[in-house]
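The structures come next, written out as structure tokens.
In the two assemblies presented below, chain A is common to both, partnered first by chain B and then by chain C.
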Partner chain A sequence: MSKILLKARFEKVKVILVSHLICILVTIACIFPLVWMVSSSLKTQETVFKDFSLIPKSPHFKNYLIAIKEANFGIYFLNSVFYTATVVLAIIFLSSMAAYAFSRLRFPLRSVFYIMLISTMMIPIPGIFIALYVLLNKLHLINTRIGYILCQINAGLPLSIFLFKTFMDKIPKELEEAAKVDGCNKFQIYWKIVFPLSRPTLGVIAIFNTLAVWNEYLLAMLVFSDKSLMPLQRGLMVFYGSHLTQYPLLMAGLTITTIPVLIVYFFMHRYIVSGIIAGALKG
Partner chain B sequence: MSEEKVSKLKDYLTSYLFIIPAVLLFSVFSIYPIFKILQLSLLKWDGISLYPKFVGLKNFIEVIKDKIWWKSFLNAGIITLLALTVQNALALVLAIIVDKDIRAGEIYRVIFYIPPVLSGIVVGLIWNWIYNYDYGFLNHFLEVIGLGGLKRAWLSDPKLALFSVAVVHMWKGFGWGFIIFLAGLQTIPRNLYEAAQIDGATPWKTFLHVVVPMMRPVFFLVSILTILGTMQIYDIIVATTGGGPGYATEVPITRILSSMLGSSRFGYACAEGLIFGVVLLAVSLIQLRISAMMRNE
Partner chain C sequence: MIYIFLISLFFITSCAKKTEEREIVIWHWMTDREDAFSRLAQEFMVERGIKVKFELYAPSEVYSQKVRAAAQTNTLPDIFGILGSPRDFASFIKAGFVEDLTMYMEENNGKWKNSFYPQAIETVSFKDGNMYGVKPGIYGIPIDMMNIQMICNTEILKKAGIEKIPETWEEYVDAGRKLKKKGINVFVSGWGEVWLLEAMATSFAFNIMGPEKVFNTFKGEVPYTDPDWIKVFSLFDTMRKEGLFIKDSITMVNKTAEQMFANGRSAFTFNGSWCINVYKGMNPNLKYSPCLLPKVNRGNPVYIWGGSGSWFVVNSKSKYKKEAIEFLKWLTSSQQQKFLTEETMNLPSNKDAAEKLKGLLKEFALGMKYVTHPNFWPVHETPEVIEKFDKGIQLILIGKKTPFQVAKELDKYKKEQLKE
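Let's turn to the complex of A and B:
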């Protein structure tokens, strides 16, 4: 009897060991490219091609200074921060307002507008950037901050409205009824009651749109030709295109781009999980 | 007008104020562009000239005859096939492991989702450096472990480039499938596993008869989203191969962009976009149909 038990326990330990082994290998595969990026960013233009150590003997932090000042990454960084902050704030307000109206208010053509707004969530339009480029040109918004920002706000609206509305539909209406009796109008009810109660969804929407805007490349490539307006992703490709072999500086630029994303991610990863699931199950 | 009617009208108008900003933005930056693409696809236009020429369906006919266009489709299709099988299988295996409440499960979960939060440009440029033939880490590593014979020009060998790019794409993507699979697995009641164990089912049989049937909608969803996402691959391509060598890693989006910016054929680019869109739309419609069927079962 005990022999069988022992054997069963042995089997169990084996399964756990193999499980961890697989997970640890995948962990290394996930982390290593990032470690290599940071490591390469601390080598010099000479050592980067010869020195394959993970931790360079004399880390060359000066690369970051050069990347920020001379390779324009300081400007690209500030641009990215500006675009991300503006777009995410605008999406939060515009989508929560619209979602409140769709969830609570009654007006003609309500569901027509709602379906229209969230339809692009389901229908992929892979060529839409051609028309956006033509449109921005026509409106003289090509190579301007505002043109890029407006396109990005619009891109984030459908999913955000959908998530906010789904959440608001579940908020009990008693509080609002009480506020109405106290003489609050719709705007006060939205701003003082429904918006604060939607905090959990707000987190999901904030992090998802932050990542989307920070990581966006295609539109930035089409819109900007002026280096002083470019966000990081675009700046990275411009730098790569003109300094093909300056790997330490390129890796410093990549690290500058990646660190804010990782910080945001580590602090808000809980929201990410619920967001991916909500986003995936929308269909 | 009666007072009641006036107040009702006022009520409607103030309600519209909530949706007007969103509707306006959407009309200008989503609805107008959709119609613009339809219109442009019928024109021969270089993007500048004031007099585009109407050419009917000529652009579409040319796209359909364009061998490079279909080659780009095939390339994206091959990456998609790899993502559907290799990437999603890895995601599922990892999800099953972490679902078993092993220690450090939470840490693994956080780490596996790091690649998906990075941008395609960042990921592409890092791997571009790792794949570098002379100085890249991969070839160096192969040499150090005594497999120097396997050294390859990963991104410039026409036979390998597509495969190398697919690896980068899968590296970036598996964590996303992992999270959804894990969420699906956690909805399976634990007592089903216990019941299977009492009946003497092996782990493999438990997987086939408990996990697979319960997870069918999740498998399906992940597959469709993998197809839609991978077919539209772009950022990783520009940051690694740029579509080359030759046309070895061209994908539909790089083709559309080079028709538009490279050869200034805006109408042709729109026709490509529409044909691509219709294919993707068909995939999403099949998804809606089948998930509706699954719900009715």
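Let's turn to the complex of A and C:
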């Protein structure tokens, strides 16, 4: 009997060990690029190709000062904060309302519209660059902030609607019926009951879209010609030479641009797991 | 939140400025030239009173997309560059987006045209009877030049007791053996990017049999099983047998090869003149010198691939066409070209500016007289045969096929292609 128990315990330990080992490996794989980025940001152009240690012998902290100065982050940073805040807020507001409509309201061609909207998730933005440019040009939105923001909102809506709708489908209808008895109209039910209950999904959507908008660069290149309208990633471009990339400065710049995203992540990371489990995977 | 909302309102309501003043807009992708271009634009404004605005879009893939999209909406800038193959260039010309500059080039007995290297002009010209059906003429303005040469680490050669840079194939093989004896890697190249392999092989072919015979092969009049072609393939076989290259070269990208050479891990490499910038960044103390590929046939010159590195075209629908051409004339004059060369370390397209070069740039510029490029050739091999050609050489380099086997297979494939 004790032998069987011992064997079972051994099996359990083995499973725990293997699963922990896998987790450690995945963690290392995720963290290593970040560590390498910070490490390279403290090296010189010469040592970045020779010194492969993670802790440089003589760290060059002045790379950060040079990167800030050369990349002219000031205006780009403000632009990025503005684009990210506007797009994320708009996506949360629009997608939650759309999801509520798809989840609760009954109207003709509801499923067709939903499938059409969701299917746009399959189209990558670079694939429709030229069409997008033609459209923005016809609407006189080329080289305008609003043109860029509308494209970004459009890009983020399908996934956000999908996540919100999947979550809202699981919210008990009795809650809404109770609200109706209390005299709430449809918008009040959405705003006072459904939206606050969708907070875990909201966190996920906020983080996903913050990351996407903050790191976006290609669309900005297409839409803008005025340098003063460009987002933060444009600043990093000065470190990419036609034939040689200034890796230490680029990595210093990347580290600087990563910090705000990390801050957002630390504030909202608890919602990611609960949001994904509660919303996305339920469907 | 309120703060963000207020800022949002401010930003949304602030539209992009629209200027009515005379301004030439130039689109480019050359990140490392942004500062130099801006300074030249300021100088031009002071000198001629015309405002020039350089707009940078990088990387080059994004730039190309932007140019294509702008062409579809008729919003191309006054001056821009076209990246891609001659076919792409031709399509822009045929669509009416590119001004024919022949007339301006030929003014004053061709003064402007003659200020450039002939190869620079060839890169941006279409000849009579060209395969793309473009009206013959000069359609672009070369900004800088490049060529691809053999490059040797002079310090390593000295250490190995090799006093003279090898000029012939025999001398090169000899030098390789000496280096190997000292445990030094002989040659590294980014042959994983097959265009480098193709550039090297065709340069050898030009030297061994002369350009005419190479073109006749492309036409299908000379078979790839000709002894001269076997000789070309055999050079790579010799390199393999003698161990004259770092084995990883076959799959290596050029960036890695550049890194290895810059770190002194190989005595020779095969790279373009842009490497001056690359090696300067990777190892400023590297001592090296460009040299032509070793001659196999002493009776023929060695040709190297090269031409205009980057070039601009004028939008034929531009409101400021005259001013745009005036600016390009100014930009490609000796003084401005000298400034650009000093700032960016790229070979100038202006011959006078090239004559004043010093050091490594001068050494690379000397190779310009041997420059050739598929874009200038009267006939072209089909992409399918080129692919087979490159793969064949790779198979020789890994020892899977003999030069004769590759030649035979290539010839068979070429004949099938001709029949089709």
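Keep in mind that, in the parts below, the second predicted complex is superposed on the first by the 172 of 283 C-alpha atoms of A that agree within 3 Å, B and C clash if a C-alpha of one lies under 4 Å from a C-alpha of the other, contacts with A are read in each partner's own complex, and residues count from 1 in each chain.
One rule holds in what follows: a residue touches a chain if its C-beta (ideal position, glycine included) is under 8 Å from a C-beta of that chain, and two chains touch if they have at least 3 such contacts.
These numbers were taken from a predicted model, which means no experiment stands behind them.
With both structures placed on the common chain, the touch criterion links A:Arg145 to chain C but leaves chain B unconnected.
When the two structures are aligned on the shared chain, A:Val134 is found in touch with chain B and with chain C. When the two complexes are overlaid on their common chain A, residue A:Phe49 makes contact with chain B and with chain C alike.
Of the two partner chains placed by the overlay, chain B and chain C both lie in contact with A:Leu218. The larger set of touched chain A residues comes from B, when the choice is between chain B and chain C. With both structures placed on the common chain, the touch criterion links A:Ile115 to neither chain B nor chain C.
By the document's definition of touching, of the two partners only chain C reaches A:His243; chain B does not.
After overlaying the two complexes on the shared chain, residue contacts for A:Phe82 are found with chain C alone; chain B is out of touch. After overlaying the two complexes on the shared chain, residue contacts for A:Leu229 are found with chain C alone; chain B is out of touch. Within chain A, the residues touched by chain B in the first complex and by chain C in the second are 49, 126, 130, 133-134, 137, 218, 237, 240.
Residues of chain C touching chain A in their complex: 4, 7-8, 11-12, 14-17, 25, 29-34, 55-59, 62-63, 65-66, 68-70, 72-73, 75, 259, 262-263, 274-275, 277-278, 280-284.
Chain A makes touch with chain B in their complex at residues 16, 19-20, 22-23, 26-27, 29-31, 33-34, 36-37, 40, 48-49, 52, 94-95, 97-98, 100-102, 105-108, 113, 116-117, 120, 122-128, 130-135, 137, 150-151, 153-155, 157, 161, 185-187, 190, 211, 214-218, 233, 236-237, 240, 247, 250-251, 254, 257-258, 261-262, 265-266, 269, 272-273, 276-277, 280-281, 283.
Listed in rising order, the residues of chain A touching chain C in the complex are 45-46, 49-50, 82, 85-86, 89, 126, 129-130, 133-134, 137-138, 142-146, 149, 218, 221-222, 225-227, 229, 237-238, 240-244, 246.
Residues of chain B that touch chain A in their complex: 11-12, 14-16, 18-19, 21-23, 25-26, 28-34, 36-37, 40, 47, 90, 93-94, 97-98, 100, 102-104, 108-115, 117-123, 125-127, 129-130, 134-135, 137, 140, 171, 175-176, 179-180, 183, 221-222, 225, 228, 232, 234-235, 238-239, 252-253, 256, 260, 266, 269-270, 272-274, 276-277, 280-281, 284, 287-288, 291.
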